[in-house]
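Next up: some structures, all given as structure tokens.
After this come two complexes, each holding chain A, first together with chain B and then together with chain C.
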Partner chain A sequence: MNDAMDFLLWARGTAFDVALTIFIIGVIIRLFEILSLGRPRSLAEPKGNQLLPGMKSVISRTLPDNGTFKRQPLTVIAGYLFHIGLLISLLLFIPHIELFNATVGFGWPGLPNPIVDAATVIAITGLLAALWNRLTNPVMKLLSDKEDYLVWLLTFLPLLTGYLAYHRMIEPYPLALGLHILSIELLLILFPFTKLMHTFTLFLARWYNGAMSGFRGVQS
Partner chain B sequence: MDTNTKTLGEALRRNGVTRRGFLKFCTATASMMALPPSMVPAIAAALEQARRPSVIWLSFQECTGCTESLSRSHAPSLENLIFDHISLDYHHTLQVASGEAAEAAREAAMHANEGAYLVVVDGSIPLGNPGYSTIAGFSNLQTLEETVAGAVAVIAVGTCASFGGLPKAYPNPTGAVSVSDIVTDKPVINVPGCPPIPMVITGVLAHYLTFGTLPELDHYGRPKAFYGTSIHDRCYRRPFYDKGRFAHTFDDEGARKGWCLYKLGCKGPMTYNACATAKWNQGTSWPVESGHGCIGCAEPDFWDAGGFYNALSVPTGEISRNASYAIAAGVGVGAIAAGINQRTRNKAVRQHAEVTIEDLEKR
Partner chain C sequence: MNEATLERGLNAFREQVDAPVAAFFSSCVSCGLCAEACLFYTETGDPKYTPIRKLEPLRRVWEQEYTLIGRVKKVLGLVEPVTDELLQEWQELLYDSCTMCARCSLVCPVGNDIAYMVRKAREGMVASGNSPTDVQAAAERAVRIGSPMGVRYKALAAQIQHIEADTGLVIPVDQVGADYMPLLSSMEVINFPEYIESLARIFQHAGLSWTLCSDAFEATNTGIQIGSSDIARELVQRIVDGAERLQVKYVIAPECGHAYTSIRWDGPDLIGRRFPFKVLHILELLDELRVSGRLKTEKPSAERITFHDPCSIGRKGGVIDSPRRLLGLVSSNFVEMKDHGTWNWCCGGGGGVSANTDAEALRTRVFRRKKDQIEETGASKLITACANCRLVIEEGLEAYNVELPMEGLTELVAHHLVED
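The block that comes next holds the complex of A and B.
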């Protein structure tokens, strides 16, 4: 009788604690692992500046590249649609902000629900387009391995269950909310050990790429 | 009891209820139960002619709040009159007779209306130890099983009877269970709420009297007519939720302007009940209208659902503390990983042998 509520309480309690702990410990270990490798000591006097070119590439590689767009328009469009939709629905939905507020101690203003709802639909559409592209484009298909599909599923489930819960398409509601939270816990647990880590490493990598170009000296 | 032979219509007229007032009640009932207006005359005719059904009311682990809610309106309402004029043959909180006379009344009603009487239960049933709650020397479980045997259906009134309620709250010291955990071979209608809305009880009774059947129930055994939509979907403050306008404390500008109470822990989004439409105290107000969020009292385990003043999306654990521990552990293990990385690198550097041109020319 009370199974759905018990499930929700478990998902919001024990399961969330476990997932969050694994996520935090995993991400910190991964970042330590990368950063502690450091950079080789430079024996040559660099002629250029590293900081500004680094920052420049962080921005330039965030913007769409014309060549890539011509070769793989769907990758670019689906990628942008998905990421923008995801960021809006993740960071600007009031109940999510309340969760961040309870976890990190501060919050920020949110967007009205109809806008967040639309952003979720855009994100889901973007993800479906990305999957279709991955399955139909021969090059993409060849490049994809199991992890790519796993990561796609881990990202898709929270969006789908969140949409279903918001629109009350699963009954009873505690089950809908519980499934949504559980899907995010799965994402959190596998996050540090998959390519989802790009959330944290992409700016590092982009900065490093730009910094290397700006170095203009001999790397020993 | 000669009053048993009177119809409901006669009983209401004797109490000064006008035909107009009666039809208004029938219309309200039809609309509450989402029936078409064409059903109003049928309801009126059926209720007019209805014989008073025999009702046995059992009270187990409860606080009497449900009975108070149903029996103590300020002015006698039609709901109350209908409630008063069902043949309430046993209700140990309300009845004048006591002791063996009361139990005799219950047994007499059971025998006289075998297979036709309704049992209303408020309160949960303790299974931990029969001695936790007894009436006339019988455990609640014994009384329930014996009384329900000849009943046509059971109405579980209040969250305790419907889902276990407060007695079942963690750590559930009495081993409390709901009526539907025990009664599995008879229809059980759950009318949860702490307390439930009086109109919902009379609505269920009116449905039974009109159609001779029980109303359509949802997955929690609640009449869909009353528990079909969430508080959130019927809330007059819903537009503020959608626009992102919230009260952050109980006395800030948002609270004074009547904005959404989600951030103050309102459980409206997960609670299914008719408060937002039926309201309380004869239509005066309801919790959200009076400035307090819904506590979700019509849902299972509402008492343990993570704090009345925490927003619904906030996890129930001590997340900040856990997160701090996790960060500390992460930094610790990360530092160890960094140390291992460093050692591997230093080792590689040490093993890096110097090679001169002379060395190469020797080969």
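The block that comes next holds the complex of A and C.
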């Protein structure tokens, strides 16, 4: 029991600080790497605004177009299940909010545990469906490299360990919680250096696409 | 041009990496949805045609030289370099099977503008000597003769003479101080001189002063298609020089998709300054004339017609509503294709594909998408606004044994003008 407790203390102490530092510095470096490359200003006479179409694309790309949805429903549905389930279990689980509150000094209302529990199951299901899709869909199979499977695992482990810890399926509890925190640290450390960065960069990508189209008078 | 080498290719790729490219590659999670927007994938089912995959050479350069972790991996020998073999293999993917139609750029959930990157990747392909020989030859003709099809002013002068003799219309050439200077594509000079006649009819009808320019009539820009900014710049410069010599107020892009991209959007950036004239697509001009009441047309006809949006003019150029308003002016029975406007499917011959014999069999195969789309409408005539789309569709329909007359929208409008 003491070993497990020591492990938990280390995981939520030093290890967490190190992981969080790497995450924050890494994300800043990556965003700087991208933004510092810049984008030449076009000398052509604009046919439309860039700002509003850019912002609109940031939002509108969250929904799939009808044709794509009909052709690849599994990719779209698995994506939604996973992302929505993840956001609920990450941001609306009361212990997560309390941790945030204790660290930063503010919080927000959470959802009752059974709902978060269901969201976690949905997220795990979505991730498993996405993995199955990646392994069987010929396009995804060809596109996927080691990194795609690595980021899948990095995302899956916190959900799995969180679920196991909440349901007391690993004993003793400090070990379960320690493993959950450790899996998140692994995610945080590798986040800036992998495709997990899309969490941030997709807003840039969508904005650039929408803005460049808006300039030409097209809404993308 | 400099001799093409892998090193020059790599340098060209490097020069193309900008913030949007880095944001796009950072965001791709290999979801594969772009494949579903690409007719080269939907019509063949071959995953190698997945749009984002076509960018692997550019992606490697970005990762290995513009990301911290990529540089570390490179030092440790953990990355696959860009080699001549890779670029040779990718020529088919970046040229034969991509028209830069940008439909993929419209569906990507993280917002990647894939066509933007294909255009950039082609710069590296040209510089490393991995572009299709046919398109290279067309580019060489464009620089040397002034037209990718080898059409000299002599040929245009002969067409002008014919048209003037047949119709009694006047086609002014090199008139300093005219307001409008329309450009043409070689295809219009050779295959569709009706376009030139229609221009003359419309300008006369609307009472506008206009002129062709004998040393800047060619609007097509093989540099844009093959991916060579050096060639593209030279061809744009000729037009700018011609327009400045004649002191025109407007340069009018013809019914040609990439010509609009080249002169309207890329032109000022290529030559590094703003134009002293405005650039309009012919359909934009016609729509302005409609609004100002300078187009007097006969009663709309009842023939069932449909419209093919050229990608560079519609999805990439924002000329989507003007053709519809013009169609409404001349037709009471215009039907849209199922996916139209921004969502239109490419004819399969844009971005230099129609000039590339390596791509011929594949182009005919993937044309099925367009053929089905056209047939669904039940239209008895197809209207479009790009001479290249028109030739590609004519050839495609012939290959599938479908008979359907086609007409350019400018011509259609000209036919409906009330005779003075």
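One rule holds for everything that comes next: the second predicted complex is superposed on the first by the 214 of 220 C-alpha atoms of A that agree within 3 Å, B and C clash if a C-alpha of one lies under 4 Å from a C-alpha of the other, contacts with A are read in each partner's own complex, and residues count from 1 in each chain.
Here is the rule we use: a residue touches a chain if its C-beta (ideal position, glycine included) is under 8 Å from a C-beta of that chain, and two chains touch if they have at least 3 such contacts.
Quick caveat: nothing in here was measured; it's all calculated off a predicted structure.
> Give one word, clash or fit, describing how chain B and chain C relate on chain A after superposing.
Here chain B and chain C can both sit on chain A without a clash.
> Please indicate which partner A:114 is in contact with in the superposed arrangement: first for chain B, second for chain C, both, or neither.
A:114: touches chain B, not chain C.
> So, A:24: does it touch chain B (first), chain C (second), both, or neither?
A:24 contacts chain B only, not chain C.
> A:37 in the overlay: touching chain B, chain C, both, or neither? Say first, second, both or neither.
Once the two structures are laid over each other on A, A:37 reaches both partners.
> Quick one: is A:12 in contact with chain B, with chain C, with both, or with neither? Answer first, second, both or neither.
A:12: touches chain B, not chain C.
> Let me test your reading of the model: by the given contact rule, A:172 touches which partner, first (chain B), second (chain C), both or neither?
first
> Once chain A of both complexes is superposed, is A:105 in touch with chain B (first), chain C (second), both, or neither?
The first partner, chain B, only.
> If you've got the overlay open, could you tell me the nearest Cα approach between chain B and chain C in whole angstrom?
7 Å.
> Per the definitions at the top, what is the overlap between the chain A residues touching chain B and those touching chain C?
Dual-contact residues (chain A): 29, 33, 35-37.
> Considering only the defined contacts, which chain B positions touch chain A in the complex?
Chain B residues touching chain A: 163-164, 178, 180-181, 218-220, 230, 233, 241-244, 246, 262-263, 269-270, 272, 299-301, 304-306, 310-317, 319-320, 322-323, 325-327, 329-331, 333-335, 337-339, 341-342, 345.
> Show me the residue ranges of chain A that touch chain C in the complex, using the header's touch definition.
29-30, 33-40, 42-45, 47-48, 57-58, 61-62, 64-65, 67-68, 71-72, 75-76, 79, 134, 137-145, 148, 151, 193, 195, 197-198, 201-202, 204-210, 212-213, 216-220
> State the interface residues of chain C toward chain A in the complex, per the touch definition above.
17-24, 26-33, 35-37, 41-42, 45, 47-48, 50, 52-53, 66-69, 105-113, 116, 264-269, 272-275, 278-279, 315-318, 320, 339, 342-343
> Considering only the defined contacts, which chain A positions touch chain B in the complex?
Residues of chain A touching chain B: 1-2, 4-6, 8-9, 12-14, 16-17, 20-21, 23-29, 31-33, 35-37, 94-96, 98-99, 102-105, 109-114, 168, 171-174, 177, 181.
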